[in-house]
Amino acid sequence: MPRIDAPIEEFRHLRPSVTEPEDFDEFWSTTLREARSLAAPPRLTPIDSPLSSFEVYDVTFSGFGGEPVLAWLVLPTGATGPLPAIVEYVGYGGGRGLPHERLAWAASGYAHFIMDTRGQGSVWGSGGGTPDPHGSGASVPGFMTRGIADPHDYYYRRVFTDAVLAIDAVRSLAQVDASRVAVCGGSQGGGITLAAAGLSEGLVAAMPDVPFLCHFERAVGLTGSDPYEEIVRFLSVHRGAAATAFRTLSYFDGVNFAKRATAPALFSVGLMDPVCPPSTVYAARNHYAAHADIVEYEFNEHEGGQGVQWQRQAEWLAARAAVL
Amino acid sequence: MPRIDAPIEEFRHLRPSVTEPEDFDEFWSTTLREARSLAAPPRLTPIDSPLSSFEVYDVTFSGFGGEPVLAWLVLPTGATGPLPAIVEYVGYGGGRGLPHERLAWAASGYAHFIMDTRGQGSVWGSGGGTPDPHGSGASVPGFMTRGIADPHDYYYRRVFTDAVLAIDAVRSLAQVDASRVAVCGGSQGGGITLAAAGLSEGLVAAMPDVPFLCHFERAVGLTGSDPYEEIVRFLSVHRGAAATAFRTLSYFDGVNFAKRATAPALFSVGLMDPVCPPSTVYAARNHYAAHADIVEYEFNEHEGGQGVQWQRQAEWLAARAAVL
Amino acid sequence: MPRIDAPIEEFRHLRPSVTEPEDFDEFWSTTLREARSLAAPPRLTPIDSPLSSFEVYDVTFSGFGGEPVLAWLVLPTGATGPLPAIVEYVGYGGGRGLPHERLAWAASGYAHFIMDTRGQGSVWGSGGGTPDPHGSGASVPGFMTRGIADPHDYYYRRVFTDAVLAIDAVRSLAQVDASRVAVCGGSQGGGITLAAAGLSEGLVAAMPDVPFLCHFERAVGLTGSDPYEEIVRFLSVHRGAAATAFRTLSYFDGVNFAKRATAPALFSVGLMDPVCPPSTVYAARNHYAAHADIVEYEFNEHEGGQGVQWQRQAEWLAARAAVL
Amino acid sequence: MPRIDAPIEEFRHLRPSVTEPEDFDEFWSTTLREARSLAAPPRLTPIDSPLSSFEVYDVTFSGFGGEPVLAWLVLPTGATGPLPAIVEYVGYGGGRGLPHERLAWAASGYAHFIMDTRGQGSVWGSGGGTPDPHGSGASVPGFMTRGIADPHDYYYRRVFTDAVLAIDAVRSLAQVDASRVAVCGGSQGGGITLAAAGLSEGLVAAMPDVPFLCHFERAVGLTGSDPYEEIVRFLSVHRGAAATAFRTLSYFDGVNFAKRATAPALFSVGLMDPVCPPSTVYAARNHYAAHADIVEYEFNEHEGGQGVQWQRQAEWLAARAAVL
Amino acid sequence: MPRIDAPIEEFRHLRPSVTEPEDFDEFWSTTLREARSLAAPPRLTPIDSPLSSFEVYDVTFSGFGGEPVLAWLVLPTGATGPLPAIVEYVGYGGGRGLPHERLAWAASGYAHFIMDTRGQGSVWGSGGGTPDPHGSGASVPGFMTRGIADPHDYYYRRVFTDAVLAIDAVRSLAQVDASRVAVCGGSQGGGITLAAAGLSEGLVAAMPDVPFLCHFERAVGLTGSDPYEEIVRFLSVHRGAAATAFRTLSYFDGVNFAKRATAPALFSVGLMDPVCPPSTVYAARNHYAAHADIVEYEFNEHEGGQGVQWQRQAEWLAARAAVL
Amino acid sequence: MPRIDAPIEEFRHLRPSVTEPEDFDEFWSTTLREARSLAAPPRLTPIDSPLSSFEVYDVTFSGFGGEPVLAWLVLPTGATGPLPAIVEYVGYGGGRGLPHERLAWAASGYAHFIMDTRGQGSVWGSGGGTPDPHGSGASVPGFMTRGIADPHDYYYRRVFTDAVLAIDAVRSLAQVDASRVAVCGGSQGGGITLAAAGLSEGLVAAMPDVPFLCHFERAVGLTGSDPYEEIVRFLSVHRGAAATAFRTLSYFDGVNFAKRATAPALFSVGLMDPVCPPSTVYAARNHYAAHADIVEYEFNEHEGGQGVQWQRQAEWLAARAAVL
């Protein structure tokens, strides 16, 4: 696949102008305050699994609207004392999967918390099971345009709120050292990571891989790949809706969250990525308000660094949230 | 595209066995009773349009849960006395569009009522605008698996209820002769037509074109085309969910509605249709409880007969709901 | 689909240089004079249809070489006095279809005349039936390279002549006010519209939608989509034929017709259109000799504005050819 | 590509029923008589080429309607005495190309005559240049549906007549032994070979490779590949035209020519051929009235045996038309 | 994707006839004897990784020809006493990857040994690094036709020998209980699993998932997907080579290994699998000489059961090689 | 297919900077010296063929490592005195094919020598049969990444050496005038032609058509087409290997050979070529150290000029290596 984006030299150091609504902070502080007011403590059910090296818990915590969201919590067996924790968000269409599928963080001494994505979890892998009990106006199949007419109704308002409350839930656990929590995820998970980094305080690190949901005004129409293309399809039918839609999206743009982040970050980017074009990743990284490293994968598409990036993360994170 | 289905000789006269739940009738009578109990009279707003030959109304009527559903009502200008009416349902992903896009029925002397499909209307044409204010469990992008875990939650429970209440709404109009109402639609609109035909009484005709939503047990996995393939994707991730999903689908199978229909029908089928394989159309037609004609388009795919089929319908219908 | 064209800023106000043969006007005046000398009055056969709101006529008029060309004439039933008229040309591969398929103009009080495209009408919809009784040299399947070795033999010489004589035919009708005739069409129909606008006098309006057949020197090779790509295929085999072919095409370039137009125009363009790249549409619009508005559809491909554009046209036209 | 046809066991020895019009022989004898009455002797222009091993002539001979058809005649330099000759027909979309592209037959001591295909020669290779000065009714891009409404107007009536008159022309040459003429070709060229074999007398051999234009009633709709699919597209728009079209095609079906052939034949077939499904090739071979060998290429698609098949032909032919 | 295989009822209980060479056992006993005679003890290098829950070793063991083959050995940290072991083979194009990518078996108390596939490891994931220091005759890009002219030269002779010697190497380790070794793998890894099961003695279990390399005579040409299609491409060029190629393949057919297996097996199969058609999987399973369970994934393609199947395996294996 | 490369104006006269290793000349002189030290005289076996105009020899000559490489030698029958010779190299995936497939050069009075490409010859046409008895490290299916970790092991080291020794072999033949040898080939054959032109002395001409293997640093990642894309795939898995790989490739870059060429050259280029982007062809041509003509095919993709280019070559070559 030929590169679709501009040459890397044109954006590696660019901080493009990205629309930010005036009431961005108020919108989110109100949203989070309401959600937190409805939250109950997380429920942990130990799972009987063959994974004797780990303790696995099926978790239900309170997300947006106090609604139940599923997660896995995986801990190294026999850990004593509070552990540093990693909250992971997953890619578009996927769910929390099965606990044995992601063991590397827990095997490295972290409490690993994998959040299900509400409504998703039916397209690849072993899926998820968290409902999204909210309808929407006319929308394109997928999640990108659900509620796009109003930021209060937009699907990712609920998901990002879940993501922040997942951190709250993790911090409330006895097994976790609340002062050492990091967030990570790839693609959509990377976009959620940025939202969490911009909306949570006191994180020790954020590790967005090939993040989605950044610089919508550039991404939508630049790439012909889903999920950004869902928005193109919507706007091709709702021909007068662009201004409204992009206004809504500005409340959810990873660039705007990046501007508010306080934890150091490790990004990754695939320079041939047709799904999350690299210039949109750099837009978020270059606006990131705290220290932000980035690993470039020159010949990779959206798969990015895969297991190699995990090695980079584990090493990078050790200095920031080291297991004692 | 080569034919994917069995040779026509194998199913043209076949009435395949299709699962029907024991409480099918109770499920639907309860569903409709509840919806009707919440219904308000339709609101008609005359539209100022250049279409001087027609009177156009923007309609909002009560659908499932008393929720507002949009429609267009188009009447020939200057009609005196109640008209026979046609209620039309639209194809997957589309909406009611714009009133000038479908004028042939009204031009032939019918009151033409085009129902928007809740939540859809964003994929092609000029779209729609009816919300579907109901969330769902984990689902595949699209509408086929929303709420598939339980027939009460399934998306098409709401759509089919809307379809029946659209007929109620039309019959309540002064401009319409309530005893001469027909239903029609292509693809998904054909599947809804069958549901309406099975759930409404006293219709004068049903005209399902290349109907979708028929004989799920055969269709799912036979064709690799969406929307049936959405269900395959769902089951490929939710690996143990097939029995539950097909049980839900049995409440919505066009074959089961066909068994209950009382109005004469005119079907159409494309013998090379990869989206709605012809054997699944014949399954509904051959189980149809009233008289059912069918027009075969031997060399057509899912587009079927298009304008040619409308001519067949107009002629066929004239004898059943003739404009006086 | 990613955009294939240059950024809109680069061509929105550009008037590119386009080759124009010295004898362009003489070529066309001779062509039209000859055709008109062979023309007989149009024959109108009333059609018995269910469309009681309209009178429908099956028309045969004299086109290029005096050869018969089919058309539909649709009038609102009961119209008194001459009507303003709209002559519509159709897209590549299609034909005049069936009269009930395009009723909006007649429903708005216009005499609507839909011209069949000779030789075409077999690829989509319900087709056409006008022969093109002229052979050609070696050509690529399709119509773009038939007779391309000489402008006198080129296929579109015949089609554009048909288009002008269609206007003559319409003006000759008792039901029509010859001083209020407009032309329109989408894609190929838009290209024919431009030719008609450049070759006919006294039109009240031209409404080319996403017009094809403009700025060949840029379009051929810019897009990989048919029908422009037919010319690429031809030149890839006939490796020395480019100069001859582009000379022929210069007699048929919408840009050269635009330079000669006298009626106000309403263009439309899809900014993501891979079939008729937007810069080629702007080339015609920016060279248009009379007033020319244009509607941009930012997120649409070749479908452009569809029904939305018709609404724009109907409103725009009302001030120019208003039904009294 | 998976096989699309029935298992080979089902048709290797099958002689399917194929429609044959009653006046088939009369149609063709009249057609050929008329064409021959208009024929002039072939004109041979020696070409100055670097091919010192061969004498090359640019030939124009009289085909259908006395119309000029191009060909190459290639002879081994210094041949003395009349040579056995091979008339070759080319595949769909191609032309006679350049004389240096096909030298093997002349290098083996044959007079090699390569006929251009009228109207074609613009899609691959180095093309052709014979016009087809006949128009047609509405048709699908391509040649398969030109004039399909009437066998007298059908495109292949002209091509097959050209093919027979090419043999006449070759036999009239001083350099050729008129009693030792063979015909060959691949794909469309194979279909023309069958027509020539059924319509010419006294040929010494016919060598159709992966022949097209056989058993239309089975082929059309069995494969989704062009060119057979052109007919499907035509019938999908002209929905009532199937009976007329297949009646026309029955005058041009390779099976009906095979029934009349008198020269021994060497067929080839690709068992994975999606363009000319093997069962349609076997239909012609199994109906072939003279001795007919066939070479199966089990793992080949439409390319068949390529150079390997030529070796088989050269060996097979040596015993029948041996160079002395 | 529509199913390409026969209906499941036709092969679920079928034991098709599959060619087996007379000297199959001799071929393999000689091959293994030679390889073992060249083998040196495995070298284990402990890896410094963040995976504190596991001990990871970079392993080099002697494969075919005494050539070095890479592997990972992963053990639960702090295990005392010999562990049951699992030898895993990987899918086509992949390599051993990185040790943190597959932790579930070690986390369940097994010594987990992941063998690199010689020459591969460059197409997906994080790859591999074992050379295959053997050239080949003319071959299709890929590994399926390297050395296909002679079973002694065939690529999989080396890979299968590596696979058996991997088991030898594992059994030689102090950390492993040599009497409790199982083999597993998916796709190509499943085919290698079958080879290992047929060629090794004393295994406690074999778990081939969606195995490739089974029933070549049926698979080659049934599916159009790589890698089986590599063989089709080879045979389409080397037109006389089929008999030789299939003779070679018969020494490597999973069905023939299955006939010789002694360990109980747990298969899996995707009923919509276009890469390893389900009938070819059933051919191996139904010929399997020991007890063989199979898990069907009705709506899955080649991905099969993924994480769900691992859960089935872990449970199934516990009774056979239980961690004490 | 839209053009993927920069506009022609940007590179038609550009001499881009291309990495050249310091020891390039030493590497190749050592390589060739070693190979020549192992070379035996070519063996010619006359072939009994029907091609009476030509003498055909099945040739085996010594290539890299003294290893046997196949070729065809075709001479005009009855030639007296030494002939000028043409050594031809073939495109990726192909082999020497069959001798009757390429007769034009011999028919023009040249001794024509067609070299098989080791290991290839299994993807198209009638193939080849020269083994490549060298293994490699982990590589992507195909030949582009075999041995890419070290220039000594790289696949094309062997092929280019074969190419130079083919010239040696041809010059040693009694039938050939050693002072009049030219080289040619298309695509990969064009890349090999450049290597031969840079590494051999005293050639009279080099004729690379649409050459592959030029300016790797630009080509890899510019086009998404194989075979360049094989390298992208490799680097996407071996994420740290780019520097090493491009260092290896710099020993094999057609640009670096072009800088050393002494024979006049005739290049060709397809300006729409997505496989060998035109800027990479121009990079070689503009660095070519001797006179270099180029023929542009503006509307061709990778097929370039085909038979037309042969005519250009034959005429161009006549002045340089004329047959007496």
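The first chain written gets the first letter, and so on, giving A, B, C, D, E and F; residue counts start at 1 in each chain.
Convention: a contact is a pair of C-beta atoms (placed from the backbone, for glycine too) under 8 Å apart; a residue touches a chain by one contact, two chains touch by 3 or more.
Values in this document were obtained by computation on a predicted structure and should not be read as measured data.
Suppose you hop from chain A to any chain it touches, then on again the same way; how many hops at least until you reach chain D?
2
Taking contact as defined at the start, I'd like the list of chains shared as neighbours by chain B and chain D.
Common neighbours, chain B/chain D: C, E.
Hey, which one of D-F, D-E or C-D is the same interface as B-D, over half the contact pairs lining up?
D-E
Quick check: more C-beta contact pairs in D-F or A-C?
Between the two chain pairs, D-F has more contacting C-beta pairs.
Once chain D is fitted to chain E on CA atoms, what angle does the rotation have, in steps of 5 degrees?
When the C-alpha atoms are superposed, chain D turns by 120 degrees onto chain E.
Distance-wise, how many Å sit between the C-alpha centres of chain C and chain F, to the nearest whole number?
50
How many angstrom lie between the centres of chain A and chain E, each centre taken as the mean Cα position?
So the centre of chain A lies 37 Å away from the centre of chain E.
When the centre of a chain is set as the mean of its C-alpha atoms, what distance in Å lies between chain E and chain F?
Centres of chain E and chain F (C-alpha means) sit 39 Å apart.
Residues touching two or more other chains, restricted to chain D: which are they?
As it turns out, chain D has residues touching two or more other chains at 125-126, 239, 308.
Could you classify the connectivity of these chains, where an edge means two chains touch, as line, ring, star, complete or other?
Graph shape, chains as nodes and touching pairs as edges: none of the named types, so other.
Per the touch rule above, enumerate the chain pairs that touch, sorted by label.
A-B, A-C, A-E, A-F, B-C, B-D, B-E, C-D, C-F, D-E, D-F, E-F
Given the complex with chain A, which residues does chain C contribute to the contact?
Chain C residues touching chain A: 1-3, 272, 297-301, 303, 305, 308.
Taking the touch rule as given, give the residues of chain F at its contact with chain A in the complex, in rising order.
These residues of chain F touch chain A: 4, 220-224, 232, 235-236, 239, 242.
So in the complex, the part of chain C that touches chain D is made up of which residues?
So the residues of chain C in touch with chain D come to 93, 95, 119-143, 145, 233-234, 237-239.
Can you list the chain F residues touching chain D in their complex?
These residues of chain F touch chain D: 50-54, 76-77, 97-98, 100-101, 103-104, 106-109, 125-126, 306-308, 310-311, 314-315, 318, 323.
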